[in-house]
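There are two complexes below, and they share subunit A, which is joined by subunit B in the first and by subunit C in the second.
Now for the complex of A and B:
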């Protein structure tokens, strides 16, 4: 009895907070997604699945935004093996590896808004750093309108995202690498395993857990990317660099369609769950202990 | 029995002492009271009246969206000026980012936390109409020349603070250098810009296209100017295909496209924001910039700007000098009072004070904006000298659009400023117009 009282009193507050700030808003969001609420009126008319239908049939910009999210997802995915390779190098006994670890991690701890402003100036067509560097190197032919040319604007933004998050991924991999028992490497050495065999049979399975986390973070991060395009281009020119989150906010606040924006919020939640489970199946991601 | 008697004695004693103490204390009380009364009666009558008039302290929350306005309010000491007349009222100013202002207010509205005085743009009045008080009986509303023009459901909900025109600000020395005169038609305007571009020395027109909104003198206002109809958005809501050649919207946008295609806005107008474009004009890298009258005080506050070299002319959109010269007349910053305000009467009193002679003329002269109040004339200074000396001048009072327009706008996410960005980026103009026609017609058919 005393145990139950203790459990109840310890769990009451967190459960209450969870109900108030997680479950209630979620159910409210689901409810709103079936209404035509404009965010101002007291009146909310239930319109069934209209918002969900319109989202994918009436608005080509939703697909454009999702395609832009796809850029972030794809390029971060491509970077993962490279990040693992860098982590392996940093894990070895190279000189000044602590310094390099700090340098690699630095972008992640800088405020995202500051990074966006920094790169906005870097890409600027007037006195911009990147075009300046190209000029000094005599590569004027490569000078571009980095944030206004529709064909490259998303690549420019994805680069900033990679610059910001790769260091964090490398540090996660490093933590994974350091959790691999040294005796596995020693045993492999006795068996005469090559570096590639070490990498494939010890390192990769050893960091599977980290990989699982990273792939999940990649899906969430790619679908929710907001600050970089918002500050650097505001989704422009037109909607060329808009992302799903930017488009959702625009739908809610600029065009007073909170019902549709709620539907978009729910859709994003579903997309994250679906993509993550597909990814898990595809890569057969189970940690070493779970096999 | 012996034990009971002393106890009884003690109780009786206590009762007696209490009985004696009550009048003693009450006498003291009455003495104190009578002293106070004596003191009060000795005070002069005027002081007594003041005490009666003392009101409870009130704080009126008053957000603003412009640093220019904040600087002016601080310079003219709005808070203390009002306190002189209303000692119990404190005006609490809050500066919000202009691009986030409306969103912030929508969020605060959902939490019933709107401020006591809520400035709105004309286009937002419809959005907030259910959450603000009608101000038909307010003196400031009755004396305002434009408040009634922006009625919603037959009620005045906001009192507009200022009226201004849209200008092309230009460098007089650059115009002299290239032998240019103030353009009177759209053709002359484009030609002047091209001539400056050919000189290779200056960017003809500074444009902060990255922020989208700075293209508003063109993309937002020109359809109204071409139509000669300040309520053109409402008119558009009655047309199925307003993006067809011959319609004011299409014709205005064809003119804008001609300007953007001339590449007279620097190497990458979409790559720079408003602040950079402003600096380009201030440092004479650019010869012209299209912005409202409000830009004057912004420019003045910047360092090292030779104001004698800066002039302003009205954007010409007409094809020939025989046509009427339409110019946008913008009425802005509607003072409204939310229903949730705890101090609606004090807020009304503040609005009446704001538009009174004591403050209003002083403020508008400093802001270099025109009055919305009857019989108040503001001296705009030498910068606008000659700007209004135009034959056939026709003021087009810009409005935000009807509820039907808002529904269509929301349904198809009609964003003229983004369209301006697309046009600068070189999107296929005719295809864009065709797509807009289809979406517009479709949305109109679903209007309830």
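Now for the complex of A and C:
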């Protein structure tokens, strides 16, 4: 009896909150994706799969935005081996490694909106920091309109994202490295293993779990990129630096097309699940011989 | 090249790379910090990495007065305090109930929490918006609070890990001494979880301080702006030139940076515990 009272009183509030603010909205999102609701009228007409059809056939900006998400995904993916390398270095007995760890992780803690404005200033064409530095280095030929040139704006934004999140990945790798038992390295040393062999046969399998988490976070993160482009370029010029989330929220709250936006939201959820399971399968295929 | 020289060269290369990384992190921050002490004339004419001629806080006082950054700071602190307390309570209670008891709905409840974790947060705002509006929470400070309290599986996961480390025999002997389940939780479990709570509380505090979209969407009222949304408003208003804006950026970065530098050990711990074992 006392047990049931406890279970009820301890779980009621958390579960209620979860149902009201997480799960009910999910089901609402699915339902709304089949309507033409504009967010205000009481009237919601069910229109079947029209929103989904329209999204895939009639909206080139959706594809453009998705391609931009692809940029974030790709570049963060390329960074992963480099981040692992830095983590290995920081894990070794180098001087001041605590200082380096603290500095490397710092960007992840800083307010994302502040970072975005900071880089808007850094990239600014009039006396911006980056162009100023290029000038001092005698590299005037590299000076660009970092945020208004369609061909380069996404790279500029991806760099901000890497600046912000790489340290977080490095710290995760460090945690993985510290969980590798030291005697494996000692045994390898006795067998005369080179540092490259150490890397492939001890370190990479040792951080497999972290790699898996990172690959998942990369899919979710890349698909959800929002605040950096929203603050720095509002998705512009045109929709050149828009992302899927930015476009979705614009569709809902700027153009009052909640039905369409819901369909996009559900599409993102499906994309996250599909991409992640594909990635996991590929990862495990490759990982079999390492076990 | 002798082997020893080779090692030295390698070491040197490692430091060069690490210092280059640090420079990449510091340069944009330094430029902004320097600009926050310069006049807009100086920003326009001087090299951005040239330190300011004098450290006068004119830009800061303008930002603090006209931008209402103190009000934003107050609102942020209120949100942080309430969210951290609610999270500590709900988190420990849920973890205790789920870890120490077997009951019929346990699997379903755990499943609900996992489902909540996979949901892409921002996207659900489209439908959550109506829920908040219908409950009358729109444009009140309670909207972010219920949302921050709602789903936090990572936290639940870490708490469960920590509870697992507390031997069940302790519970049982306390019960033999006449403690009720509630007393076991109050007198033993909750205090023993305090180290975990400290770590999670700091991480939660940083998250809430830095969150942009929930306050931006649900609290448009000018008196409810948080530090982050104050910055957004300030930058789009007529004060938004780089001299003032730089000072505003630094002001917004400062609280979380201070938290970080004071507690980085605990922040590392929590993030590591949340991600690696998950």
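Here is the rule we use: the second predicted complex is superposed on the first by the 270 of 291 C-alpha atoms of A that agree within 3 Å, B and C clash if a C-alpha of one lies under 4 Å from a C-alpha of the other, contacts with A are read in each partner's own complex, and residues count from 1 in each chain.
Methods note: contacts are C-beta pairs under 8 Å (C-beta built on N, C-alpha and C of every residue); 3 or more make two chains touch, one makes a residue touch a chain.
Remember, it's a predicted structure, so these values are computed and weren't measured experimentally.
After overlaying the two complexes on the shared chain, residue contacts for A:42 are found with subunit B alone; subunit C is out of touch. Judged by the touch definition given at the top, the superposed model places A:63 against neither subunit B nor subunit C. Once chain A of one complex is fitted onto chain A of the other, the partner contacts of A:147 are limited to subunit B, with no touch recorded for subunit C. In the superposition on chain A, A:168 contacts subunit C only, with no contact to subunit B. Of the two partner chains placed by superposition, subunit B and subunit C are both touched by A:124. In the superposition on chain A, contact is made by A:237 with subunit B only, not with subunit C.
Comparing subunit C and subunit B on the residues of subunit A they touch gives the larger count to C. In the superposition on chain A, A:256 makes contact with subunit B only, while subunit C stays out of contact range. Comparing which residues of subunit A touch subunit B with which touch subunit C, the overlap comprises 124, 126, 128, 253.
Taken in their complex, subunit A has these residues touching subunit B: 38-42, 59, 61, 123-126, 128, 145-148, 150, 233-234, 236-240, 250-251, 253-257.
Here subunit A touches subunit C in the complex through residues 2-3, 6-7, 10-11, 13-15, 17-26, 28-29, 32, 86, 89-90, 94, 100-107, 109-114, 117-119, 121-122, 124, 126-129, 132-133, 136, 163, 167-168, 171-172, 175-176, 179, 209-210, 213, 217, 220, 223-224, 226-227, 231, 245, 248-249, 252-253, 258, 261-262, 264-265, 268-269, 272-273, going by the rule given at the top.
The residues of subunit B lying in touch with subunit A in their complex are 102-103, 106, 109-110, 127-128, 130-131, 209-212, 266-268, 270-272, 276, 280, 406, 409-410, 413, 415, 418-419, 421-422, 424-425, 427.
Remark: subunit C residues 11, 14-15, 17-18, 21-22, 24-29, 31-32, 35, 43-45, 47-49, 90, 93-94, 96-98, 101, 103, 109, 112-113, 115-116, 118-128, 130-131, 146-147, 149-151, 180-182, 185, 206, 209-210, 212-213, 217, 227-228, 231-232, 235, 242, 245-246, 248-249, 252-253, 256-257, 259-261, 264, 267-268, 271-272, 275-276, 278 touch subunit A in the complex.
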